[in-house]
Amino acid sequence: MPVPTHIFDPPFNIVRVSHVVLEVTDLAASRAFYETVVGLRVTDADAGTVYLRGVEERQHHSLVLRKADGPACRRIGFRLGHEADLDAAAAFFAQRGLPHAFVEVPFQGRTLHASDPFGLPLELVAGMERRPSSLQRYADYQGVRPQRLDHVNVFAPEVQASLDFYAALGFRLTEYAEEDGPDGRIAAGWMHRKGNVHDLAFTNGRGPRLHHLCYWTPTALDIIHLCDVMATSGYLPNMERGPGRHGISNAFFLYIRDPDGHRIELYTSDYQTMDPDHEPLRWSLRDPRRQTLWGAPAPKTWFEEGSLFAGQDLRDPAFVADVIVAS
Amino acid sequence: MPVPTHIFDPPFNIVRVSHVVLEVTDLAASRAFYETVVGLRVTDADAGTVYLRGVEERQHHSLVLRKADGPACRRIGFRLGHEADLDAAAAFFAQRGLPHAFVEVPFQGRTLHASDPFGLPLELVAGMERRPSSLQRYADYQGVRPQRLDHVNVFAPEVQASLDFYAALGFRLTEYAEEDGPDGRIAAGWMHRKGNVHDLAFTNGRGPRLHHLCYWTPTALDIIHLCDVMATSGYLPNMERGPGRHGISNAFFLYIRDPDGHRIELYTSDYQTMDPDHEPLRWSLRDPRRQTLWGAPAPKTWFEEGSLFAGQDLRDPAFVADVIVAS
Amino acid sequence: MPVPTHIFDPPFNIVRVSHVVLEVTDLAASRAFYETVVGLRVTDADAGTVYLRGVEERQHHSLVLRKADGPACRRIGFRLGHEADLDAAAAFFAQRGLPHAFVEVPFQGRTLHASDPFGLPLELVAGMERRPSSLQRYADYQGVRPQRLDHVNVFAPEVQASLDFYAALGFRLTEYAEEDGPDGRIAAGWMHRKGNVHDLAFTNGRGPRLHHLCYWTPTALDIIHLCDVMATSGYLPNMERGPGRHGISNAFFLYIRDPDGHRIELYTSDYQTMDPDHEPLRWSLRDPRRQTLWGAPAPKTWFEEGSLFAGQDLRDPAFVADVIVAS
Amino acid sequence: MPVPTHIFDPPFNIVRVSHVVLEVTDLAASRAFYETVVGLRVTDADAGTVYLRGVEERQHHSLVLRKADGPACRRIGFRLGHEADLDAAAAFFAQRGLPHAFVEVPFQGRTLHASDPFGLPLELVAGMERRPSSLQRYADYQGVRPQRLDHVNVFAPEVQASLDFYAALGFRLTEYAEEDGPDGRIAAGWMHRKGNVHDLAFTNGRGPRLHHLCYWTPTALDIIHLCDVMATSGYLPNMERGPGRHGISNAFFLYIRDPDGHRIELYTSDYQTMDPDHEPLRWSLRDPRRQTLWGAPAPKTWFEEGSLFAGQDLRDPAFVADVIVAS
């Protein structure tokens, strides 16, 4: 299948993935998980919402937890370059007949809500309130010392079409997993705007659903420490997969589940990708090192479970690819 | 079941586990594995034998590979305090009617071969030729940077009796796994002479067989690097279990298999145990964090496979304990 | 003094710093240093030139060593976005009456040589031959495991004017050191194109001279290992400063000198900077944590010595700022 | 000068260094330093005393802080094997006419206070109250994650005589620094009982004074984190030397000063020494890598400052050796 060709001069400038809004059922339990166990910093909180950010982040929040009756992912946020990009984005979604509206969101600048053609709820901003970085407040470090939101991964029923859509918005493919053979279909793709392996990835599956959001950590030892902390403080059932090394992205990783089952990846040590002639790496679906360089298959839950996007219906994937699952 | 009580004034002084003699079928393949992949240093080699040691070790060898028709563990070596301890040891084995004989072994001082009551072939020395430590030859470091032989773990058909025998030789129990209930039997025990968690461990199972030998490494990152090296240089099938954190011993670990299937553990960060009133830790067999703090069960091979001791018949274990195995 | 304001729509698109060309007096000694000690990979070599790259780099070279009668830095290379940017760059330098010429360089695409107004010799390319990344050839890792060229730092007699010139080319200031007081002058500035702390930095001093080039490493432990290797394999005199943590950039660092005295930094763990509203951090020249968070001053050589640019005359700095130097 | 020969069958059995009693002027400030910054755990505290231990330690305390009018080291504690060793020790000190007395100390078993011939105030115990290890309470880890007291280092006016005295108590020399030449005198010696590089070291100097006490940490990255924490939370002036790699012991180290100036070392990765034929390593006083493998000299304060032992007069050293000091 054709590898999508990204546009160098997109209709509006997306700088990077910016934040994620999650709906959670027990705000106190979720705050404890993200603040104490994971180690994010709470910027602000009220009765229904907690705003968090990584230790290097100067933006007000990269994760918003909102109290709700059931768990869901509300929005995936992207940072645009400038105010004019917001207007260009509104025009783009209007031209394609896609839902979009400017809304007021606390702590954020002018904010555009929009949906992509596949039902992914987006939240576009050109800025939000800034806070001092906590990077050199080392005495406050805890948990896995999460530095910044790195990327979001989504279950997509139509992977190829999703990749094509975001390529037309300037996202560039860095790695992809494909069936073998002349008609092999792409089963997953990793795309970036900010210059590392990805801001946004699509995995073939029933969706749209959020597969995970990911924070970057300084070293593998921080991730090992998080394993030790979780296993000995009541969070053993929240450890889902890893630690390990991805073949794809080369990152050292761990997947955990928050109290509502939202999946979080901790991740470090991928690579630079900003050269315009940077070529995507192809992985065969038959190569088990794609998912874990060290060969251990992922558990079934990792392949099957994800967070609903609030208000979105699910569709079955366009095809079912063979994958290797831990029995 | 009774926890064995060690003797403070044993009949002869065992300082620590000293070395292991393995029989291998392809000496070149085994040397490449231990020297290049694991990173041990070759002290000497001839047509039939390769002698290796860890980077800090000043003794001539802690691992001996001998060409043979089939794989086996030939001997487990222990370091005694002084020459007089060798004679006391010979007297001890004589008094109990156990096989023993003084033999000549290259690069070693006076050497006593003996068998324990359960068929474990021992090789006792009060010294061997010394070589300079390579600890500060950093430019020569490779693989997992193995510092020193740490311990040996054996499948024992009679765990309780084995623990009792070695307790009478001054080995002290630091941790053990036991069935629950008033008649719970000990299924595994870890015993030391040198002041950390163990020199010698016994695991309930068909035996006697060598479960694994273990080298100490500086940090968990060295073990992660070994995973990356093995997975990308043709040794993926030799990776058996981990990396992970043991509940027992608190060590960060990895288990690998050499070209003949002999199992090697890489291990770091356990704790001190030399206080005479140091109390052993009990683990319930029902606690999965015992084997892996992070909860992942060990694969079936890890429970079932081991190296024969050359010339020893196997016996079934005294009982079969329930354990949790990865399916 | 005014903090320079970068241009969002520069006359041509510089993607990142790309490579450095050094002149060395003993090619074999320099190759041994960079290949064996530092751990760069040799892509190609002939009688007069060695081409090297970091383990993740897919471009043919990020460091070129050329045999010469005396040590010098020949060129600092930048990667442009596309071929058209090369022509726009040529027009830009022509319009300003600055030296420029298209030249043939092995393994590189069309190459533009140019000088900035301060005598910095630049080499601009829109691409070079590509090679497979060695990122997952872990068995070949050695030295400090350098991943990629990160930045170049230059002694500039006219820091403010240099920052202004590169801001007009789209470089964005992330941190700067300034005299205190209303007329405080900027003594050093760090500027980026690729989205981390810098591609190019200017330090007030006699120049133009190369202060150092820097490779990114995976973790601080790799840098500590390089210290151990150098100290025990004859390279102790080549260790100049560190390891330590910079206040500026938050990076863990080490400075070493190659056989000709060219200075190399090894560096890890800075932060993201690609948001258009990312504000530069100001450091007072009186704050010793600016250079080393842990307080240790840099040695005198670090402040005074640098590599000449071949064929360039030196000028004294516009002013002399007080700095804290190890006596 | 003669290297001291240790006794294999000493008059009483010292297992290891056990604890240190420090007098401090501001108990709250000292507790904050050791508990929050260093990361020791407080076992008990009252108006005048705080008892702390490392995360793996099962004994009630390895550091006791006592409120006093001026700073001093009150006692260096050693753990004996059994109750009978306490009586043998009392007899030993009586026979030599050295001060000794059995005293009551909270949380400790029968306790013998004694002075060595050089005025070092000792506190000998055969046990103290035990507490659960915190090794697997990972969520409580903080600071440098200190695992256990490792050793104590003392300024001795008579180094050779001190080494000889403790050799007669079974301490074994592992490394020593000596003047060159046929009459070269030993300027420092490292001695152990527990099987690693040292429990007790003597450094030539005005004394007796405590040079430092040392806690073992899991990895070098924990020590780097402590540097970052101290430098950014008001403890920059308390950082005295390092981090670095000792030539002697091969340990990665950091020296810090507590609020009263008592010196603490954090230390990891030395080596095993329990073999009876383990030979001590000699370092020339002229080899700068002895103190720091990477060549950086120690600051003057490190050579000159130490904690008084309460009530002890100072004596000048028997000789003054040339050492290399940072100017």
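Letters A, B, C and D mark the chains in the order given here, with residues in each chain numbered from 1 onward.
Basically, contacts are C-beta pairs under 8 Å (C-beta built on N, C-alpha and C of every residue); 3 or more make two chains touch, one makes a residue touch a chain.
All values reported here derive from a predicted model rather than from experimental measurement.
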Between A-B and B-D, more C-beta pairs in contact link B-D
Interface copy of B-C among C-D, A-D or A-C, with over half of contact pairs matching by residue number, is A-D
Expressed in whole Å, how far the mean CA point of chain A lies from that of chain D is 50
Cα centroid separation, chain B vs chain D, in Å, comes to 33
CA centroids of chain A and chain B: separation to the nearest Å works out as 44
Residues of chain D that touch at least two other chains are 136, 219-221, 228, 231-232, 293
Within their complex, chain D touches chain A through residues 36-37, 136-139, 141, 219, 221, 225, 228-229, 231-233
Within the complex, chain A is touched by chain C residues 8, 15-16, 56, 58-59, 79, 81-82, 127, 130, 133, 135-136, 147-148, 194-195, 218-220, 247, 250, 269, 271-272, 274-279, 293
Note: in the complex, chain B contacts chain A through residues 219-221, 224, 227-228, 230-232, 236, 239, 243, 245, 252, 289, 293-295, 326-327
